[in-house]
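Both complexes below contain subunit A, partnered by subunit B and then by subunit C.
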Partner chain A sequence: MQKLRYERPVIQKMNAGLMNKYGTRTEYEPVKHIDGVSVASLIQQYGSPVFVISEKTIRRTYQNAVRAFKTRYPKVQFAWSYKTNYINAVCKVFHQEGSWAEVVSGFEYNKALGNGVPGNKIIFNGPEKSNEEIKLAINNDSLIHIDHFDELYQLIDICDSVNKKPRVAIRVNMDTGVYPMWDRFGFNYENGSAWNALTKIVASGKMELTGLHCHIGTYMLSADAYAVAVNKLSDLAFKCKTQLNTSIQYLDLGGGFPSANTLRGAYLPASDTNPSIDDFAEAITTAILNAGFKTEELPLLILETGRALIDDAGYLLGTVLANKRLSDGRRATIMDFGVNILFTSFWYEHKISPAQDFTHHTEDMVLYGPLCMNIDMVRESINLPLLNRGDQVVVHRVGAYNMTQWMQFIQMRPHVVLIDEKGTTHLIREAEDLKYIEQLEKMPAHLSTIKL
Partner chain B sequence: MNLRKNVATSESGFIFNPSTGDSFSANPIAAEILIQLKQGVSPSEIKKTVLNKYEVDSSQLERDWDDFLLQLRDANLLDT
Partner chain C sequence: MKKQFSSFKTFASATLNSYGMLFFSRNVFFSSLILLITFFIPLSGTAGLIAVFTALAAAKLLGFDAFQIQSGLYSYSALLFGLGFSANFEWGVAFLLLLIIGAVLTMLFSVALSSKLNAKNIPGLSLAFIFTTWIIILAAKQFMAMGLNQRHIYWVNETYAFGGQRLLSMVQSIEGWKLAPYISGYFRSMSAIIFQGNILAGILLTMGLLLQSRISFVLTIIGYSIAILFNDMMGGFNSGDLSYYNMGTNFMLVAIALGGFYLIPSIRSFLWTLITVPIAYLLVVGLGTITYSFGLPVFSLPFCIVVILFLYCLQLRKTPGKLATTPIQYYNPEINLYRFINGKERLMNRYYLQFALPVMGEWMVSQGYEGNITHKGEWSKALDFVILDDQMKTFQLPGNIPENFYCYNKPVLCPADGTVIEVVDYIEDNEIGKNNTAQNWGNTIIIKHAPNLYSKLSHLKKHAIKVTKDSFVKKGEIIAMCGNSGRSPEPHLHFQIQATPHIGSKTMPYPISYFYSLHNGKLNFENFSVPKEGCFVSNILPNIQIQEAFNFQPGFTITVESEGHNTEEWEVFTDPYNESYIYCKEKNAFAYFINNGTVFYFTNYIGKKDTLLYYFYLSAYKVLLSAEKEIDIKDSFPLSIYNNNIIRWLQDFISPVYIFIGLQYESKININEGFLSSGSIIINSKQSMNLFWKNKSISQTTIEIENKKIKSFSISLPNKNIKAVCHSVN
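So, the complex of A and B:
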């Protein structure tokens, strides 16, 4: 006789009258495939956990963002934010689509060069640039975005030894009505520091002032704040033209657009509340078009969008290690991935889907990672179908920041796999092993032997 | 380990504890187990039935059984 499918016994207390008006869970389908490739086969081939990136989704998301801006404004250029995900294969997808590179360190700068990005299409941001890195950027004709006065004077000094005028912009911070105001990077608009920096650049005669840059925040939930930023940058651009006789060639509005991940503590899912890329495009381009530039003098609009372009394309596949019950009766499930590789679980309530069939019975549970550390909690409270040891899950929207901010802590970092547009899988970053981790360590001779 | 005598169970998985006023929903296998417990069937007999009827090995069932008892205890459905 054929045996019946087993599900472990559970009871769930019924709380009549206490349901919230948004209902309970909304995920009723298992996610068994990513771009036509089965989750089970990915885990079988590449192990668990494993990051999976959909090339199709990257291209589709990028093209949608380009469409949103280019249909509203004639001169638009995206620059891929390396820090969001600098695995070379990922960067190259963006570069193939036409994206420049936006880097914030010498390390990232060299990565961009290595990926074949021409020097004059690299934007060099960030508060730390060594003399050597600045010289390299000047010689490559890169766009150097100055962050503070010390860097401005550093550049002036370097210009004396380099027989080339660097193309520079300043990063401007400002009050756009959004709290918290990001004022740690760049020169402040309201207190006049930005204008002071611009006059010093032009007065030095050693640099070519080409652009104005801002990056007003991250995970911005208001498109209007960008319009405020455009107005303030435009004001500086007009002053540069009229008072410094210098035309600003581009406005770089930075990044900060949110993805559809739900922030921790948010009442509603992000997909219902966050502005779309079209909302941001509308706010930004309308503000530039209404700022008063002559048609032939409209500045190039540069965007350094990272998160919104890559988050959706990333998945983390993992496996249930164990179930247990906590002292207060709550279910706890331990996964084979934790905050070491899913750094964004500190910020987001990641959507997690089982990868196999399940019944309608669910449990509220805490989702822990495998680390022997108390901080290793992926979801504080999540309602999922009954999971057993060995069951597989898919974590959605993990493409941004996880593959750069991940930590080699207690566990190794896993494989990263790209699914191309034809559904073929490619290993784009190998999992670490002990040899890789220890290759930089040195052992003093007197510690080479131990006796226990 | 006995289910409280006054706890009401149904085949559809509805459980009511008149002492506390709490009600619970059970998944089908939990409902089956509860009905058998209420009828006084011994845990070992119930486990044997489950092993014969469902695709599960004894080690998994043992772990899930212990967890189920914790749930029942938590829900105040067992005689102390």
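So, the complex of A and C:
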């Protein structure tokens, strides 16, 4: 007989209600495999912690989103939001599926070019674009989304030196009835600055006004806000056509669709409260189809959804370093991953599953990371089975933003592994080492030797 | 001056066409040859020419259709009349008067007959000539001034007068050749078509015909041989009456007309001559007995009757069978055949109204024609559509309400322009797994697109129909939402075409004009076909930039410049048959095209092959006006653009049986712009040739489109590269 697992005894307060002769029960189930590959073998091969990305999930989520839109509206194009996850292998899965690239910096722009995205399928967003970057984008025929008047004037200046008409759009911000209203990016609709910018673009005669862009917020919990946005953008599009004699070829509704992660402080789990991609598709496409465009003049609908397409595909595997009892009696479990690599733990109450069998006992606990820093707390309060040192866990839905916003702070960033559709694993980003981190450092001569 | 010259040219070509028409040709060289040969008997040739001039002048004076006049359609019967009439009467004032009056009468008959018969796609042939000549022969018996004469017996004198001793001795030495009677008979029969009987004329005509068309030449031999064989087998009918005229005009021309001219040449059309020539034979003998009793030759009446009867009956078929009638007449059996093979898909544009799929995005055909669930018997030609996910499931879990099904509440589109004539909108959507057989079709829309052409969309969502009865709907408009009403255990869309306007009408097979079809992971571009069960299908969405660039409306002009070539100016015209073409003034070249909004393609090129227009014809032979998906568009050129050499001749001879030369075309939108119509778009294409088993590349071409206009195109041939820059004026 196998030796029974030892669990440190714990005294629990009596809960009201009927006693259960089987003791306390949990809804947890161990997650031992990801796409058929065992968690233990992944950790054994790639170390702990390790990010794992499921190619199958990416493709399925993407196709599901495309289907939701394309069966409701004829012209739909997705553009992969690079900032959400710009590991090249991930980007290329999206590009293989037909996604364009949406970038917000020169660095991301060059990354997209490097991934083989044709220049005319890169959407260049963001408030900062240098002269060189803009020239590159113009020569590549990229879609440049103007964020503010200074950028508009900058573009007009550059056009004089470049023998090509850039294809441009403006980013519009507006009141869609949600709080907070994002008005720091783009030109405001209600106060007329968006219209002002459009007239300036057309009047300059130096640019080809191609589309209109908005991005009304992030983690939007209401699909109706998008319908409001569509109506306001369509209004601008009609005015462009009738007053500026310029037809708007695309409406870029940006992103902001939520994933199934539960926001910190939310009362109900996200899977119960967040609208589905179908709800957003229904709201957006119905609004455009009812806006009054002629069938043959319907604009292309561009979507820059990032989070909703990648979050589910990412997992973080980690190992328990230690258990502790805090002074107030709460249990604390220390993991080998913290906010340094799981940046999104500032926003979400991540779902975490043990990766091996456990008993039915659970306890509320604090989950800490390995950093010697007080902010390093992964979950403030989570009900989990009792974990011992060396036990492995799986953090779910970490595909978005973690692999771009992670910090090299105290610890180094781990491997990122892709499981392809056949179940084969591929290392797509190596773990950092000391040499990698120090390679950019320069040592002044007078500091080259030390003596202690 | 210029105007006079052009009207002279029109007149000359009308004259020549009248001669060519005798052999179903419009070849200038062949027509001139025939004209020349008629003058072997000068008086006969002169009478023929006078009759043609008279008919043309009268037709022009009366103001008949200039296009028809120029084609020789109204004057070739007059030519026959002139040739035939002169053989039987003495020259003189009375003769000339009758010639002129007869020519005009023939022309009037021709106009009347062609207007009545051509409307039914039947040629008037030489009926006008037969009627007129009969009338005049009968009448002339009463006129004292008309001396009957057998002048054609003394043709030697006239030939001498025309060509002197040299021609006469040549003719006579050929007459003296010891040819087998069948062979000399063949040539004499050939020359009898223009009312002559000598071997030299026959040989020259045969050579001209051979140069003009290999198939026609073979057919004359077949027609002649069948007649001889049939005659022998019938135990030899009194061969004196079976004159060369009857052999030539009736049997040879029946063979050409039905073997390869009015029908597309094929083994079938060749085999049918085994029946049609003997029928003509019976008519010659049978009708001849009647007409001779009035003192009238039977002329080409048997030929006219057989051809008209056969063609008329073929037109009555409900579906075009294997024995195809020539859809567009190019006046050459080879060209007809090559264009037909090449144009099967192209011609669909004429036969079928363009239907699109009634859905947005990618749907799967869950039940096709002759499906084994409900598409049976009279209702078998219907399509059911659903949406699948990557697991091939139609729903997401739990899947127990219609809302879980991907296709439920998705837009249903109008498949083609039409009027809504029936709307049912009140039937409840079923629970999953339940059927409502009492209201079998559920919520339904029926749209009338043309007389006897209706489409029906069924099992729609309750109270989600967006159109009302009698409203006009446009292709692509959202008219309803997919639902689960009627005989529908789970949500799906039922689509059928029918000939009657009722709910419950039986179905009719009808193709969808253009769509993408994904089957076993392979994406296909489908033209005028019926979606197959199990395929994922989606509509083709045009790219406005490419669409605009190829939107050649009449009056559109474009200047094309290239180094080493003269600058060409092209203008777009539309002819009386509503066919559009690009015309290059400098080189007198024509490129006919069709643009149906989804595909642009050339149908024909006429002119020299070193023009920029020809290179453009090669480059843009077929272009999909969409940049949504990367897909190769394949097509083949008609063999008629292949060089005129020995291989081509060999191919012509056996073309009704086997085609061994293949000229392929392939194009691809290179920079896939998706749906945006800005920036530049490049279309690459390549042309290659298959000769038996070998494939050889001929050329590669590129077309660049910018600002909704064709900016330039280039072609790289084995020995040179040409880049042409286009400037459109409007």
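In the analysis below, the second predicted complex is superposed on the first by the 436 of 452 C-alpha atoms of A that agree within 3 Å, B and C clash if a C-alpha of one lies under 4 Å from a C-alpha of the other, contacts with A are read in each partner's own complex, and residues count from 1 in each chain.
One rule holds for everything that comes next: a contact is a pair of C-beta atoms (placed from the backbone, for glycine too) under 8 Å apart; a residue touches a chain by one contact, two chains touch by 3 or more.
All figures in this text were calculated on a predicted structure; none of them were measured in a lab.
With subunit A as the common reference, the superposed partners subunit B and subunit C fit together side by side. By the touch criterion defined above, A:Leu4 reaches subunit B but does not reach subunit C. Of the two partners subunit B and subunit C, more residues of subunit A are touched by C. Judged by the touch definition given at the top, the superposed model places A:Asn388 against subunit B, while subunit C stays out of reach. Contacts of A:Arg72 after superposition: subunit C is touched, whereas subunit B is not reached.
Residue contacts after overlaying the shared chain place A:His446 against neither subunit B nor subunit C. Centres of mass aside, this uses C-alpha centres: at subunit A, the angle toward subunit B and subunit C in the superposed model is 140 degrees, to the nearest 10. Applying the stated contact rule after C-alpha superposition, one finds that A:Thr359 touches subunit B and leaves subunit C untouched.
This overlay, made by fitting chain A, leaves subunit B and subunit C with a least C-alpha separation of 37 Å. No residue of subunit A lies in contact with both subunit B in one complex and subunit C in the other. Across the complex, subunit B is touched by residues 3-14, 16, 323, 325, 329, 359, 361, 386, 388 of subunit A. Of all the residues in subunit B, the ones that touch subunit A in their complex are 15, 22-30, 33, 52-56, 60, 64-65, 67-68, 70-72, 74-75, 77. On the side of subunit C, the complex with subunit A involves touching residues 359-363, 387, 389-390, 406-407, 410-411, 474, 476-478, 539, 541, 544, 671, 673-680.
Residues 59-60, 63-64, 67, 70-75, 77, 100, 118, 120-121, 141, 167, 208, 210, 249-250, 289, 295-296, 300 of subunit A are the ones that touch subunit C when the two sit in their complex.
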